[in-house]
Every structure is written in structure tokens, then in C-alpha cells.
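Take a look at the structures below.
Two complexes come next, and they have one chain in common, chain A, joined by chain B in the first and chain C in the second.
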Partner chain A sequence: MSAKLSDSNINDLEVQASAEALLRGSTAPVKRNWAQYVRWLLLFAGGILMVMPLAYMMSTSFKFPFEVYNLNLVPEEPTLENYTYVLEDGRFLQWFFNSLIVATLTTVSSVFFDALVGYTLCKYRFPGRYVVFIAILSTLMIPTEMLVIPWYLMSQQFGWLDTTWGIMFPGLMTAFGVFLMKQFFETVPDDFIEAARIDGLNELEIWWSVAMPLVKPALAALAIFVFLGNWTAFIWPLIVTTSQDMYTLPVGLTTFSVEQAVEWELVMTGAAISVLPTLIVFLVFQRFIIRGVVMAGLKG
Partner chain B sequence: MSFYDKLSVKQKQTLWAWGFLAVPIVFYVVVRFYPTANAIVLSFQEWNLLGARTWAGFDNYVTLFHDPVFWKVFRNTFVYLLIGTPVSLVLAFIIAYHLDKVRFLHGTIRALYFLPFMTSAVAMAWVWRWFYQPVPIGLFNNFLASFGIAQIEFLNSTTNALPAVLAPAIWAGLGFQIIIFMAGLRAIPKTYYEAAHIDGVSGWTIMSEITLPLLKPTIVFLVVFSSIGFLRIFDHVFNMTTNNPGGPLNSTKPLVLMIYDTAFNSFDMGYAAAQTVVLFVILLIVSLLQLRLLRDR
Partner chain C sequence: MASLALKNLVKRYGKTEVLHGIDLEVEDGEFVVFVGPSGCGKSTTLRMIAGLEDVSAGEISIGDQVVNNLEPKQRNIAMVFQNYAIYPHMSVRKNIGFGLRTAKLSKAAKAERIVEVATLLGMEDYLDRKPNALSGGQRQRVAIGRALVRDPAVFLFDEPLSNLDAQLRTQMRLEIKKLHQRVGTTIVFVTHDQVEAMTMADRIVIMKDGYIQQVGTPAEAYHNPVNTFVAQFIGAPSMNMLPGVLDDQGLNLWNGVRVAWNLASSGPSHEVILGVRPEDLKPVAQSQAMLQGTISVVEPLGSETLLYVDIDGIEVIASGPGRHAPEPGSQIYLGAATDTLHLFDKESGVALK
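Presenting the complex of A and B:
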């Protein structure tokens, strides 16, 4: 029942296998001819081009106003003044904190409930199972934009406008996660669950301490997607929040940038602050995140 | 407890299952199904948030059909889709195909392409907006000027603004598509290629007879995934044209921005709801086409 069993078991999954293959890097034979050198050079140049917007954003956030319109990437006189200005404003810290709370709570809630529902629909045979699955799956077809008006009316009625709960409630569960988790619980052998039942564990314990540890990689993949989605979410927080204290980072950044208008070094600093956390998380957990993206993408 | 003990194993499991599903079912009914029904009902009503909701029959849909702005927006939305999806897919495939054949610094190059996917659309919209500014502010025009090339109007031009807004959306999504394509390429058994090499099949034939057909599920998935994304484009447009959202002259306005405007600036809730129903139908058609294509596999 331990994690040992889980690894060998999950590895049977072809998705997992192709994700792992991807992480091992290229398996192409080593060729040393000019075509291969050109290929490498073009790809590398393309990659550098891809991160140029990020590089200019970072470099400008360290520049004084007089240097902003220069094309040079390394500031001649690097300064932290933009950061001091933006952070002393105080609002950015508040927005950062709001986004962190919203993204963290929705991630915890989604991962918990999506896994619970996915497990139930996968491992129990009960009347109504198919109907529930189809009903939840069908909500994937409903775009958020169709629901924002009714959500707004609902929030108005219950006094949820301009509250953290108001920002969060639409994202507490995701149909995508249910589907993803249901697929991954298929890889947990029924024998394990049966054995745990004979050992006298109740159903909740079986789910939490037997089945859940076996799908950890899938849980992580789901968590990454939900967190990133909520961290960058824009249209619903824009609608539901009215006071600046309640803004999330993207909504705050819009307001801040409109105010600053021509002071692009400050706009870039704001953008850098809102983008850096996810970029750093990516650079640290790169392999892990790419594996998660492949698993979620191919299974979802 | 005694009641529970009397149940059969099967009944106990049914009880647990519904117990596990209780809270989620309440959520899906209250936050997904009821609002969907509400949006559809509202689309047949007239309401400005303050007065009473009055029935309007098909009035909202008729107005929408005769609204020149709607047709402009409808066209824009499909231009986003019809440029965005092919361009991003072709680029992603070419990069993935070649990256798969490269070993030196493979992971680093992959990370470079993937990084933009981890950014927020709002932040990057502002970065790109800065790039697009005229001389002496904007990066692109400064760059052109340093080669003595004439200025390009990006966001202020009715013809250039839409591609200019679309570019960062394509840029940000590219990394995800590359990763998915590479996973798809890896899933093709090596033996197929070896057999083709032994038979002396040319590179282009391998591409059209082996690689592309076997990649079909991946391609269909990415087409639908990115199509839905481009049909719902909003964050980029809103942030790059804040002084006149969807401008100049509605030339960049997508359907979602029209919905937002109608609902939260004009407070014409019924009319906005009718627009959301149209969006829903478009997305439904795209999703059903996917199912159709996958079944034909």
C-alpha cells in the first residue's frame, strides 16, 4: 500500500511514459554536419527571440526614465527606484496577497473536490453514475463568459460583490479536473481498494490514504493548471471587484498601468512583479511542470 | 449505526458515493447549471439591472442580427481564430519537429520557448503595447528607425491593430503547443521510421505518410484547444486598447469584449445574455466538430 507500489504502477501509463521520454531530452542520434549546426543555431535564435519581451520587461524595470527608450538590454545605470516606488505605493503588495489567497484556496479546493469526484465516478458502480459524469463533463462546453452575468447577479443578491469569496466561488471545482482525475484513477488497481476494505478502512480513508498517494503526479499537474489559471484570471475578478483593496494582481496591474500611462518603466516594473513568481516557479520546477503539462494536455 | 450495518455492501457503496458527490453536485447545480439556464432565460428578457425583468421574446436576437457592430465583432472574432490557430500551429509544429532532433542544450531551448506560457496575459499585453508605441517610445519602431525604415502604425491603425493584438496571444500559447507536439512525436514508434529508411522512402513522404497521419489526434486536440482560446480572446484586447476598448473604430473588438461592454457599461443585461448565447453556440459547434473528427480517426 506504500508509495513503492505506486511508482511501478503509474509508470505503466503511456502518457506518463511519453512525458518521461520528453524529459529525458532528445533521443535523436548525434549528427555532426552543417545542417544540424544550422538547425541548432536557428532554434536557439528563435528561443532567444521568444524571451526577448521578458528580457526587455526586466531590463526596463531597472532603468531610469531617461534610458527607457534605448534599445540596450543592460541598463547603463541600473536602479531599484522603480521597485521602491511601486512597492511603496502599497497597493501592489495588497493585490499580490489577494491573488495569492485566491489562487491558493481555489487550487486546494479544486484538487480536493475534483479528485474526490473523479475517484467516485471511477471506482464506484452505483445508479446515476453515468448521468452525473455526463452532466459534469457537459459543463466543459459552457464558456465562463456566458456565466459571468448570472454570477454577477448572484453575487449582488448574496452580497458577494467585492469579496474574496466572490472572486473565488466560480473556481472552487473544475470539470476538467474531474475528467483528468477520473482517467488517472483508472490506473489504481481495484485489488488495492478491495484489500484496504478487508483491512477495515472506511471508504473515505481508502480514497485519502490508499488511492490519493498513487495519483500524486496527476494531482500536481492539476494543481499547476488551476493555480496558473487563477493567478492570471482577469475577466471575472475585473467584474466582481469594485474597490482597489479587493483587486487581484491582473486587475490591479490594469488600473496601475492606465494611471502611469507614459511612464513605461513603472508599467514594466508592475508587469515584472506580476509575472516573476510564476516564471521563478517554472525555472525551479521545470521538469515537473513540463511533465504536468503533457499529462494534463494529453489526458484532458 | 445499526441502520448502516444492515445495508448490503453494494448499498453501502452507493451511500458513500452519493455522500462524496453531495457537495460537488450542489456546486455544479448552483454555479454551473442554474447560471446557464439563467443566461438563456435572460437572453429573452429586457433588463437594465434596476427595473423589472420584462419578457422580450426574440427581440434581443433580432436586434443583434441587425446590429452592424455585432457583425463587425463577429468578423473580428473569426479573424482572430482563422489567423491565430493556423499560424500558431504551423510555427509550433516546425519548432517541435526540429527541437526533437536536437540534443545539445535541448532542455534549455525548450525552456526558452515555454517561458512565455507561464506569464499573465495582462502583464504581457502591457509589455507588447509598449513595444508597439511610435518613435521615440516603442521598441519596434525604434528598431526600424535605427535601420532607417519607415514607421509602422500598430495599435492606432484599423488594419494593423488586430494582428498586433493577436501577436502576443500567439506568442504566449506557442510553448504549450510545442510541448504537446513533441509529446505526440515521441509517441510515434521508432520502428515505423526505421522501416521507411530501409525501404528508402524520402523525407517528405515520411512526413506526409507517417508523421502527420499518426499525429492526427494531437493536431485535432491542439486545433480545438487553440480555437476555443482565440474565440474567447479578451485580456489582450482589453489591456492593449484601454483608452478605447476594442478600438480603433471597433477594429479589434472580439465578441467577449462586446459582451462585457453591453453588460457592465451599458447594463443591457438581456442583450448581453443573448450575445453570450451566440458565443456558446459557436463554441459548441467547434467542440462537436472535434468529436466528429476524432471519431473518424
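Presenting the complex of A and C:
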């Protein structure tokens, strides 16, 4: 009994130590044996596989057209010309801006409403609660490809085709986010909510100033997911937009052609630039996520 | 400050009734402790007083106002929860001040009140700390501070000390009692620890299975338990229960021993239980002995020694002297003063006097 206890304590301590090390960015003391080396090797191979396309994207963005179909990673004659061209081309900036608007607004809206609905489903007992939850969940099982047709018909009816609102509306709330937030709100003890109720807060205030701060890591994770999802969304924006001015970045990039021919070095340059915002969003929000993990570990 | 009255309070969850008509009057400024085994309905009662649970039937009044249909915030009560319910993302100052959010006070007055309460609890040096940088006892103090800051009519505590270690629990127990003496607010305190109940309460309410068993001062509950449940629940180690028969001759115990008893059974003999507390059952000379048995285990506690004695198949706890306690395995004669004996009806468990 006591041996078991101390075992799990040691495990906890190790998890804590490595989580803390992760936070500090240093390496935790790790046991070095052959199994560990094999693991590193596999991870390294996997890492290479993941990074290759990115590396080619970056490398191509610095190449002249004649070199594009060469497989060398380091351009023979590196150039910044693609970047100047892309950034001076009005269309690219317009698409970048469109994407930024769409992704930002859907992120804010999703995080807000998903959390609100998730909280309600988690903390209130009302008739039909279960049915509502199942209904929301079941939409997760329908792929986007099937949804675009009703979305399109709807947009047509309401006159939303080729508008920013038209691009955004399907993403203003996500079933996945509702589910995620509901699960996370389960970790907020009811006592917190009841204590606030006794202290005289109304239900919205309780949600906003008591429950929400306690699920920040989940909010951050959701924000990253939603932002990435909308930033890289392709099918729906492609279908709903018709004029070049309304394109989002992914739609625009695939058609980034000058005089009929697709110019890969320019597409890759655009793609390289488009990675930046996702990187920023990730760096901003992942702090919360890791801190959340560490806090959860230290609590017990 | 206010009095509190529960009239025939009933709680049902669906078809299950968990409280079956609770009647209780709590005087203004009184410290009342609800005690009982797990699941007996203590928290439910408290939560109904707080307004966190609907009342199925009956009436709750605070002061002279019936509050059945009032929101928690309109009842002017404050509650301290078992796991403190202090917000990890707020400093001590914010946590304590949380109860004042809706109060109609100027900012300066609020700040002053927070410091005042923190000082009362000895937390004035920790105002800017976050809860995760506090010890368990300090966190509990913050939780109490949050309740205290509003100057409520009634304080409700739901097992606030059960997450603390034994030593801290004893200390906080004392602090809460002192606090009560200073602020004088009516307190309803829930615990399943009878020691806590005995030491803190002006009056104890002993509950079981959704019924109140006995309401009285700690001394009353201890010396005059109304039934076997209260007798065994209050006091540690719990009262020895010896089966027997009461007939026109007096009391006849299960092993054939006769005990003089002035209350003879009217009518046919009837089965009873003789209760005697371990501290009243002492080693005596053979001539005065009531019971005789073999010591199986000896537990020295310092000031006294607990003797587990096997008497004709029943294990009885007696108390011996702290020094020169008898050895396990030895024979012992036990006796108790007549006025320390309790007699209960076997079937109903009700005390006979």
C-alpha cells in the first residue's frame, strides 16, 4: 500500500519536473538508455518528415523561377524578389486582410459562444439538456463537404454569397468547442459557483468572472484550434466567394497566377508569409496551455 | 444578526425523501452544530437554508421573514464550503472583497473593510498573495474572511475543517469559536466529527437518515442521550452497549449477571440495552464488580489506558489508570457507578428513565 503510494508520488514528481522544465525551456534530467535513444531516433525521423514540406516552402520562396523545379534545399541564387513582388501586389494584401478578419472574428465568436453554451450544458439542469447536447454533438459527425451545399443554398437565400459574413457564419460557433468547453467546465467545482451566487453575482457574472478565468487553458487551446481552422479553411471560402477581392488567403494563393501560369515561387512566398499569424497565435496562447498543465499537476 | 427557524422542513429528490420534517429554532447569536453520519442530510439542510436547494415542503425563516422564495443573495447569509471555494485566480484581497462586489459602499470603505476583516483573521500580511501560495489553514481563513466581510445575518459552515490536518483542525476550531464570541453572528455549522460538534456548539443537532434525533447542549447530548444512536455517536470511544432483560426483579444482563435497577418493568419482562461509557467503566475490587472478563488489548493513551475486555463473548471498552495498567490476557473486574448507567429499550432504542 505505502509502496504503491510512493511509486505514484514519484511518477507525479517526474511529470511535474518535466512540465516545469518545459516551462523554463531547459532539459529535465532524463534517463539515458538504448530505449530512449531509439525513441529519439524515431521522433527525429518523424520530425524530419513533418518539417520537409515546410523547408521546401521556405526554400522555394527564395528561389528564382528557373530553379523552382530543382530539389536543392539551398537556393543557388537566393533572392528576396518574390517577397517584394508578393507584398507589392495588392491582391495578396487584400486576401491576407480578409483571412485575418474572418479568422479573428470567428475565433472571438466561437470562444465566446462555445464557452457560454458549454457552461450552460455543464452547470444547469433543465429539461431537454441532454437532447440539446446530443444534437450539438451529432453535427460533429457530418463532414464539411456535406454541409457546404445547405450552407450555399442558405447564403443564396439570404444574399450572403461573396460577403465576409457569408464566409464567416458557419464558423461562428463550433460543436467541438461546445463539447470541449463543457468537459472543461466539469472541472470547475460547483462550490465556486454557489459561493458566487451567495455573494450576489448574477448567472452571467458568475460565468464571466468566476468560471471563465478557471478554464483559461481550454479557452487558449480552443482559440488556437479555431484560428488555425479558419485561417487555413479552403473549401467553403472557395465556394462562397466569387470575386477576387473577397478571397481568403488559401483560396487566393491557389489561384495566384500571373498571366495563366501558376508561379510556384510566388505561391510559396505567399504561403510562407501566411504561416506567420498562425505562429504568432500559437506562441501567444500556448503559454496558457502549458501553464494550465503544470498547474493541474501541482494542485494535488 | 438574526434568529433562524426551520418548520417541518422536507426535501425530496424526485420520489426519494431525504429530509422528513426538520423542526429547529436557532436563537440570535447562537452557535448550532449539525452532526451526523455521512448522508444523513446535514448539507442538504444547510443548502436549503442558504437557498441553494429548493424547499419541497415546510418553511425557513431568517429573522422574522420567511425566505423560502428568496434568492441566496437576498437572504443575507454567508457560507463557507468544505473545499474553501476561494478563487485561485484572485489575490487574497480580491477574494475577501468578492463578497462586497454588490455592496453599496464606496471604494475606500470597501478597501478598509477588507483590511479590517483580514486583520481580524491575522491575514493582513498576505493580502496580495494568490491562494496557491497559502497553507490550508490560511486558505480556510480567507474563505471565512470572504463570508465575514459582508456582515451577514447568519453564517453557514459546511464541514469547513475536514480538509485540514488534525493539528490545524484543532487550532481552527478554536479560532472559529473565538471569532464567534467576538462577532456574535448566528452560526450554523455542519460536521460529521462529533468532537468538533462537542467543542464548538452552544447546541448540537444530531441527525440520522433525514430525521433530527436530539437537539441539546453538548452536555445534554453526552449525559442524557435520548436513544442508542445518539449514545453511540457522541463520545469517543463510543458507549458500550450490553444487551439484557428488564423484569420485575431488576436488570438481568445477557450473561446472567444481575444489576440492581430501581426502575422495574411493569408488566412482562422486556428486552433492553444497558449503556455504559468506557470512562465510567473502571477496574474495581472483586467484591464491587459488576462484570468480569479477560483483557484482550491494552491501549495506553498517557493519561488513561483503554482496556478492551472480552466479557462472555462481548467486547467491552473500559478505562484503566495511565500508570500501572493491567496486562493483556489477565482477568479483570469492572464496575460503574449506578448514575452513569444508561438504559434503552432494545426495540425502539429509546432511552428509559
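Here is the rule we go by: the second predicted complex is superposed on the first by the 211 of 300 C-alpha atoms of A that agree within 3 Å, B and C clash if a C-alpha of one lies under 4 Å from a C-alpha of the other, contacts with A are read in each partner's own complex, and residues count from 1 in each chain.
The rule is short, and it goes like this: a residue touches a chain if its C-beta (ideal position, glycine included) is under 8 Å from a C-beta of that chain, and two chains touch if they have at least 3 such contacts.
Please read all numbers here as calculations on a predicted model, not as lab measurements.
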Touching partner for A:214 - first (chain B), second (chain C), both, neither: second
Which of chain B and chain C A:77 touches, first, second, both or neither: neither
First (chain B), second (chain C), both or neither touched by A:132: first
Which superposed partner A:201 touches (first chain B, second chain C, both, neither): second
Contacts of A:88 with chain B and chain C, given as first, second, both or neither: neither
Which superposed partner A:189 touches (first chain B, second chain C, both, neither): second
Chain B versus chain C as contact partner of A:117, first or second or both or neither: first
Broader residue contact with chain A after superposition on the shared chain, chain B or chain C: B
Set of chain A residues, in rising order, touched by both chain B and chain C: 298
Complex interface listing, chain B residues touching chain A: 13-14, 16-18, 20-21, 23-25, 27-28, 31-36, 38-39, 42, 95, 98-116, 118-124, 126-128, 130-131, 133, 136-137, 139, 142-143, 146, 168, 171, 174-176, 179-180, 182-183, 186-187, 221, 232, 234-235, 238-239, 242, 256, 259-260, 263-264, 269, 272-273, 276-277, 279-280, 283-284, 287
Chain C partner contacts - residues on chain A that touch it in the complex: 189, 191-192, 194-201, 210, 213-214, 216, 295, 298
Complex interface listing, chain C residues touching chain A: 50-52, 71-73, 77-79, 81-83, 85, 87-89, 98-99, 101-102, 132, 146, 150
Chain B partner contacts - residues on chain A that touch it in the complex: 14, 18-19, 21-22, 25-26, 28, 30, 36, 39-40, 42-44, 46-48, 50-51, 53-54, 56-57, 60, 68-69, 71, 113, 116-117, 119-120, 124-129, 132, 135-136, 139, 141-154, 169-170, 172-173, 175, 203-204, 207, 228, 231-232, 234-235, 239, 249-251, 253-254, 257-258, 262, 264, 267-268, 270-272, 274-275, 278-279, 281-283, 286-287, 290, 293-294, 297-298
